[in-house]
Structures are given as C-alpha cells and as structure tokens.
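Let me begin by presenting the structure, written as structure tokens, before commenting on it.
We just call them A, B, C and D in the order they show up, numbering each chain from 1.
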Amino acid sequence: MKGPGTASSVRVVTLKINDHDVSARESESILEVARENGIRIPSLCQMDGLSIAGACRLCMVELKGSSRLLAGCATRVAEGMEVLTNTERLRKYRRMIVELLLAERNHVCSVCVSNGRCELQDLAFECGVDHVRFPYRSAVYQVDASHDWYRVDHNRCVLCLRCVRVCDEIEGAHTWDAMGRGINCQVVTDLKRPWGESDSCTGCGKCVQICPTGALVKHGTSAGEMEKDVHFLPYLSRMRHWE
Amino acid sequence: MTLTVQRPKPPSEDKRWKMIDVAMRRQGYSPHALIEVLHAVQNAFGYLDDDSMTYVAESLGLPLSKVYGVATFYHLFALKPQGEHTCVVCTGTACYIKGAGDLVDGIKQRFGVRLGETTEDKKLSILSARCIGACSIAPAAVIDGKVHGHLSVDELLARIEKVV
Amino acid sequence: MHLDELADFAAEVRKEQQESKHCIRVCMAAGCQSSGAAAVLDGLKGQVDDDANVHVKGVGCMGLCAAGPLVEIESLEASSKTASSKTLYQKVTADDAEAIVDSLDAEPVERLRCSTDIPFFAWQKKVVLENSGIIDPEEIKEYIAADGYLGLVTALTELTPADVLREIKASGLRGRGGGGYLTGLKWSTVAKMPPGQKYVICNSDEGDPGAFMDRAVLESDPHRVLEGMVLAGYAVGADHGFVYIRAEYPLAIERLKKAIQQATRQGLLGKNICETRLSFDIEIRLGAGAFVCGEETALMASIEGSRGQPRPRPPYPAAYGLFGQPTLINNVETLANVPSIIRHGGDWFAAMGTERSKGTKVFALAGRIQNTGLIEVPMGITLRDIIETIGGGVPDGKTFKAVQTGGPSGGCIPEQFLDLPVDYDTLRDVGSIMGSGGMIVMDQSSSMVEVARYFMEFCMDESCGKCVPCRAGTDQMYHLLDKIVKEKATSRDLALLEELCDMVSATSLCGLGQTAPNPVLSTLRYFRQEYEEKLQDLAVAGSGQADLARADSSASETEETK
Amino acid sequence: MMQQNRITVATTWLDGCSGCHMSLLDIDDRLFLLAEKVDFVYSPLVDAKQLPESVDVGIIEGSVSTDEDLHKAIEFRKRCKFLISLGDCAVSGNVPSMRNLFKLDDVLDRAYRENVQVNPQIPRDGVPKLLEKVQPLHGVVDVDLFVQGCPPSAEVIWNVLSELVAGRTPDPTKLTRFGA
C-alpha cells in the first residue's frame, strides 16, 4: 500500500470499454476498471483481496481488432485499449464454461444448502444456461463433515481455489491445497485426512464464507439456508498487507 | 544472534532416512527443493507415505497440504508401494501407432492387471509412460529399468515372465 | 583457460586420437542399447584387448536407429596421416565382434555393411548433431577436440555480450521447442532488463510423445548444451542456469551431471570462467512426469517446488520469471545451435534454411516408416524428401496416409501437402505446427478418429486442472471422440465437439489447452469423412438418444490409480 | 406455428414428484382463462387417457429413469409439435439422477432389501424396469423449450403458456433458474 506521497507516480490511462471512454490507473486490471464503471463482467475465481488465479476464464474479454481473448482479471489496462466485454462470441464461450462446470460435478440446486445464494447458480442464470448440453459426469465425490463447525461437499466444488488462497494468503494457515491434476483435481486439507483432524486449521471459517457454492458450508444449514458474507475480505486483505 | 532451527526427527530408525537428510541438507532445506526431496524419498522407499510426507513437510517448513498437492500432481510419485518388479509400457504416439494397446491387453490377459495396477502377489506393477523417447524402436517397454524395443505381445510376456 | 590454451589442448587430444590407427565407435543411444549395443561394445573391447592401434568407444546416437546396433570404424589411410575412411556396420551382435576386429586391416565384413551413400546419410546437414555418434559424450576432451567450447572462450575473450546478441539475432534462429519465437528477440528482452539476478533455463522436458531429439542431443553431446547456456548467460547477464529435465531420461541426466563436473573442473563453468569476470553455475532439476511442465510458467513453478501449473502471461518470464527474476528459457536444441552460431557467425547459420526459418532442424522419424531414427536437415526441405527419400517411405507395401507433427499440439498432414517445404509458417498454414520435431508416419491402417482420440486422451490426462476449459473441456472432448469411435454418436455430437474445440482453444489459460483441439481440427479438416462414416443416423426426432448420462469410474479417486 | 386461438396441450410426468404439475395448478383462477384457449387433450390432471396422434404442445415433467419413461418421452416427441422440458428433473435430472452415482443393483438392494424387514425382494413384475442411468429429457429426445425450476413457479408456467397461446415462442430464461 503506497502512502499519499507517491500519488504523483501513479499513471493514468484512458481506454474504451464497450465504446465508453473510461480512465484508469495503469496498475488496474480490465476487470477492476469495468466494475468501477458499472460494467459487469462475469467472473468466478477472482475475488477482491486474493491473488489472481486467471482460472475460470469467465472474465475473458475481446480487444477490438484482435481475435485473441484476454482474461479481464489478469490483464492490465493500457492506453488506447478498446475492450469489448459482451460480444456474442464471449457470451457463447461463457455459457459453455458454465455448462462444463455444471456437468463436471453433481450440482443439484434444489437440495443444496446454498440454493438461491450460489454464485454458480447466478452465473447460469446470467449466462442463459437453461440446460446443459454435455453429459453429466456423475462421478462420485465425498462429503466430509468431520469438522466441528463446517462441512465440505466435493460434489459442489468448482475448483476456483478461493479457499486455498484465502487460507494461505489471509489466514496464513495453508490448511487447504489442491491435489491431483486435470479432471481429478480436488481440494484437500493437510494430507487428505478428515478436515476435523487437521492440526493446521484454525477454524476461522474464511474459506466457508468465500466459497461461491455449497461446497463449503456451516453445519446445521439445510437447503437454501446457508448465507455467506464475503465483504470482510477486502478489508482484512488491506489490514494484513499494510506496509 | 543465531537462530537454531529445530529439525524434526525421522519417523523411524530406518537408515534410509539418512539419504533423505543428505538430500535436504544439500539443498539447504529450501522449500523450493520439495520435488528433489520427494524424488529422494521415492528412490529410497519406493513410494511416499504419510509419514515421509509429514517428515519432509516439517523439515522444509512446508504446509502438509502443499506437499500432498505436489506429490499427487506428478505422475512419477507413487503413494502406494509398488510391486517387486515393474514393467513400464510406453504409450507414446509411435508406440501407440505400432500397437502398444495390444501389449497392454496382452498383459491384462496374462497377469490380470491393467495400467497402474499391481498384481495381488505384489510381484509385478504395470505402469505406463507418456513417451520414453525410444520411438524409433516402437513399441517399447521398460522392465526393471531396462528398455526393450520392437516388442510383440509374446516377446513382452516372455520377458516379464523371466524376471517375475 | 585462455583461447590459446584451449587450442593447444584440442590439438593435443586430436594428436592422441590419431595415435591409434582404427577407431571403433559403438552407438550407445537408447535405440541401439535396447537391441544389445552394450554386449557389442564389451565384445569388441574384449577382442581388441590392449591393442594400442585400435581404440574402441561408446558414442551417442548415430541416427539410423532402425538398423541398430550400429558400429562405425574409422581408419587412418595408410598413405596419409590425416585422411581417413569410414565403414558403418548395422545390426551387429556380440558374436560379430571377432569378425569386425579381424577385418580391421583387411576387407570390411560385407554382410554387416550399411551403405553411407544412401540418402538417409547423404541428405542430412548436421549442426546440432555434428558430434553425435562421433565423440564419447562422457569425455570433455573429445568435445574440445571437436572445437567444443571454442565459441565460448572466443566470446569471452573477444566479444562483448552485445556482440553475442548480434550474432544470435543475425542467425535468425527461432525457438526449436515448438513456438518458433525468435531467439535473438527473446535474449535481448532479458538482456535489456535491469542488471541483477537473472536466470537461464534449459527446457529439457521433452514431453511430446514421439519426440526424442533433445534426449539424443543430451545423451550424445551434453557439453554443447552447457556451452550454449553459458553463452546465453553471458549475453543476457545471468549467472545461474537450470536444466529442467524429465526424470524419464536417466542416461541423459547422468551424462549431464558428468558433463557439468568436467566443465567445472576445466574452469569452463562456475566462478570466473576462463579467468574472466563471468561466473555461471548450472543446476539440474528433475521433472516428475507432467507434460504441462514444458509450458514455461509451469516449468518455473516446478523448479520452485510447486505444482506445475501455468499462470497467466504477461508478465512474461523475461520480465518476471523464476523466483520473480528475469529469466531466459530456451529448449535444448535451440541452445545446442548457439555454440556453432558463435563459432561460425550468424550469417553462416542464416545462409541455411528458408527466408523465415533459418538453419537446420532435427526430426525424430517414427511410426510406419522404414528408417526410423534421428535426422537433421536444412529447413525448407520438403516433407516428401524427409519421408520418402530419407526415411525410405512406408514399409511392407502399405500406402502413406498422414504424418503427425507437433505432438499433442500439432496436426496430421495428408499426402497432398507432402511437397510443401518444412518451415514454421507453412506447417502452421496447413493446420499443424513444427513442434519440437517429432514426425510420426501413419499408413492406411491408422484410423484418424482414433488418432485424434489418442491425443485428446493425452491432453485430458496431462491437463493441470487449473482452468475450466482445459480441465473439463478436454474431458468432454475425449468422451465425445470416444463415442464417435464406438459409433454411438450423432451429427449433433460432432457439432458439439467442434464447438468445444473452438471454445477450448480460445479460452484456455496456457498452450496445452489452447492447442489441445489441434489434432481434432486437423483430422476433421482432412479426414472428415472418417468421422462422418462413424456417425449414427440422427433418427427421427424421437429417438435421438443423446445419451447424456455418463458413469465416470475413472474420475473418482486419483490416488487409487497411482 | 400453431393456430392463434385454441391449442392442444398434452402433459405427462416421468420420474419426479409431480410438483411441476402442482405448480401448474397454482395459476389458480387463471386456469379459467386458460381453459378458453387451451384444450388439455392428455394429462394426469384430466380424464383423457389416450395420447392423440398430433398435439400442438407437449409438456414433460420429471427425468427419464425407466423404460416406460423412455417410451413416453419418445411418444411425446413423435406426436407433439413443440416439446417443453418442465422443471429441474426434466431439464437436468435433478434429484432422481443422484442415483447415477451408484450402480443400479446397489440402489435396488438398498431400497428393497437392506432396509426392509418383511419379505425383502426386488419387484420385477408389473413395474417399469429402471434404466442403468437417469437422464434429462433432452438426453433422449430433442427438446424445444427448457423451463428450469424446482418447481418452476406458477408465474413462469403462466407466462410460457400464454406466450404459446399468443403464438409466440416463450423465453423463460430471465424468469426462472435451476433450483428456483
């Protein structure tokens, strides 16, 4: 965090997003600038206060005159850029990404504790996914309810790895990490032992609060009851990284 | 002021832990040396178990889940003991074109194990390699570290039977 | 070691070599070893015993793996002190040792002879492989006798880093790992970064199935790669190098280790190389079986001891690389070209090849082709020359169907394009890529849909799992291809497959996902009828049977398959 | 597409809870308005038990779980000009498809043997045979319109039907969602 004395060193650029002129600090990402200007770009793995993963690929944007797409979260703005965030091509790809996520694990919204408060569900709605064209993989995943307060249901995990990042970057516990690779990736606590037996988990619950779906939830919640609050994160992140 | 780092004790009296300690010392107990150290563990013990991963994690100052994540990311690390003998069937493109699939089927028929499995008597593990770079002598397999090329199913089975 | 000391040393070794009248070289590369080269070497050594006139040694890859084990005899002509004659023997067994040794001062053993006038040898142009199969890779003095390290010592004593950069730029060398990025440009970007800790990485994670060029170079001539790395370090201002090499190549690892020790002992590596201010260390880092680690940001994550997952670029490694420092990453073959370029000059190199693809390229010929093995040819040669003339065509009277280049990121090129010149751009134009140099020839017995499925399975297994399109997309594409192969798919499945190809290549995070659809796209482009023949009729709306349920037993528990 | 005024509608339920049909009834007094424009020619809610040869709109609730479901889905597709997949079970498989994580035999054992004290046996006669895997409706036949929701609200169903009656193709994607 830079003090006020360095303000003069901040360079400001102007660019176009969806043909609107906007100005931005050079250090900002396309996604940040779009949000500041009220332009919504769907995203899932990105979260203010955590490092950039660039993994969900939902925030891909187009640059005028280029066929190559860029991840809005991981690309800095530049002078004169002409960004398009909502072309037909992007809408088609986003829809497919959400479909792939829905087919990958066993997301049964109607019986999910996060029903109605789920980012994946919202994305499906936003991207117009009225059905999934891909075969559901129907792979078997475990539910680990061994923790005193929390529960992890891998059937509903989208592998955004927000939990892994918040646990490492904010809480400093690094209880979570990802194991395996490809379609067999899974988040794990410690050596893939039950969460309740973890020595490193501090029980802070940040992972649960920022999980976008019903994968990480509090005990005692049933369908539609799990409410999450992510608003603490930017503040905490600022406080922890204060130099 | 000097900081003395308390290093954990090896999980057992087994002399092979000395090799692991040497490998870690050589790398200055740097967390970046994780993969090198896991190689050392696998070379010494044949596979990685919870004890060894915990020991490595504590020695290098790494979270357990990170060690587990790395160990399961790379195909060469095994989390279960392997058979006494191994046969690695190359499934690279050249071997595929020249019938690696038949070799795998032949092994399945004769020994009842598929790729990645170990026979019940723990004598033989069948593994696959993405390409061992011996494409010119495809199809190829590596039996206990020795490369054999231009294999027919019968030849491969005979060679395996010789060692098992 | 000064320039004149190096020259003296080289002259001394050459003189020593000429003391024995006959030199017997036994190919000890993987291909020949698996057909019994070690026994041949022992047999020959036993026959020769202590005869000072005959020198027997194991050498690196001679190229024609199909005819292994190979043995080459070089004999000094009786009339002259320098001119020599060479005889090549093929398919040698230990039992032949006696006959070979007996024939040394007499007529060659005809039944074993392999003509070296055939196009396989005659049409090649060796730069990277100039020492392969000739020198003993485990002896630094043999490399030095072949003008090894001459480029480095010359550069250190007579050229500035900027001069070295200029030569590399003038050579027009492009990255041999697959992308074809201009090497000079890459080097100068790293060189322009502010002074400080920088790294050079040699990418030896040759993961493309069907490619073994880098393996052969590392096993046959490891010092060449080290010399290239030190030159790179000098040019860009780095003092530390890493060789990231696959653990599947134990012999190459062993030889590299030995080479690093020897070069360090000779003062050609380490602190104050050749008593100059340049210091450069090289460390070896082993991969552990992950194809994605060939991608440069994943490779760096792996050197740092993490899961080999790529990260978004920019920032590029040149600016923010290994441990956050500016980093130059080049592939083995790229670096192996460097010593020759410095020795002979960039213009010499640029005179070979085509307008936009300079120099030579090493290819690994495999699959349904007569002369499987390793070749090095000038860029711009036609595919037909490589496959039919040098490679001897498709054996057993079968007909050529396609050649696969570029591995899982490449494509299948059909007969109609065989007369195209091989360079980065033409191959891309026909839907494939140069890749690292694997060429797998297929005849009519290969089903192109199955080949596409094979590569998709590869990509699915090797996907790191970080980004959604690659992780879940390759899995869906594989199952769609499997359905087509099993003749259970409809035209709707094929359309879905094509849509996925488009999406996965446009949105994936790294090269693996972006190029994973290529084998499907190229086979669809040239062999679409093979796909269509396997489709089920889209029955009257009513029994479409899209079969949207899938039981995926493979997806459950990763570690159980370990 | 279809005549402006009266349209014929057939509905059926496959593997589901019939909640979507209940939701249809929840349009309450608007049912009278509907009755002026729509003939329900076949439905669990009406007496007609014979699916006519040709119907304007078919509405299917529930997932395809048995051979009988499959047969019904195919018959509907053949005879209906416009086929609607109504509710999450039909659209995604939903709760019924949760059995796809297990082997069919294990599911049957669990239901009819393991947890049964009296005369445990797997019924075979007179009941439809379970398919190996539960599928969404579009997994077996082409579908023209998807209406998600568990169940879709009466408002959504009303919107869809009134759009159809008006001769327009409905677009419920901004009105409902999975799990709604």
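Throughout what follows, a contact is a pair of C-beta atoms (placed from the backbone, for glycine too) under 8 Å apart; a residue touches a chain by one contact, two chains touch by 3 or more.
Small disclaimer: the values here were computed from a predicted structure and weren't measured.
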Lowest number of touching-chain links that must be crossed from subunit B to subunit D: 2
Result of counting contacting C-beta pairs for A-D and A-C, higher pair: A-C
Farthest-lying chain, centroid of Cα atoms versus that of subunit B: D
Rounded Å distance, subunit C centre to subunit D centre (Cα mean): 58
CA centroid of subunit A to CA centroid of subunit C, Å: 39
Rounded Å distance between subunit A and subunit D, as computed from the means of their C-alpha atoms: 34
Whole-Å gap separating subunit B and subunit C, where each centre is the average of the chain's CA atoms: 24
In subunit D, residues with contacts to at least two other chains: 93, 97, 100, 133, 136, 138-139
Shared interface positions of subunit C, touching two or more other chains: 290, 307, 461-462, 464, 547-551, 558-559
Residues of subunit B whose C-beta touches two or more other chains: 66, 69, 72-73
Footprint of subunit B on subunit A - complex, ascending: 168, 173-181, 188-192, 200
Residues of subunit B defined as touching subunit C within the complex: 30-36, 38-39, 66, 69-70, 72-80, 91-98, 116, 129-138, 140, 145-150
Residues on subunit C engaged by subunit B in the complex (per definition of touch): 30-31, 33-35, 65-66, 68, 206-212, 215, 247-250, 285-291, 302-309, 323, 364-368, 372-374, 404, 407, 438, 440, 442, 446, 451, 454-455, 458, 461-462, 464, 558-559, 561-562
Residue ranges of subunit A in contact with subunit D within the complex: 102, 106-112, 115-116, 118, 121, 124-125, 128, 130-133, 135-136, 138-140
For the subunit C and subunit A complex, residues of the former touching the latter: 290, 307, 311-312, 314, 460-469, 471-476, 479, 496, 499-500, 503, 506-509, 547-552, 555-556, 558-559
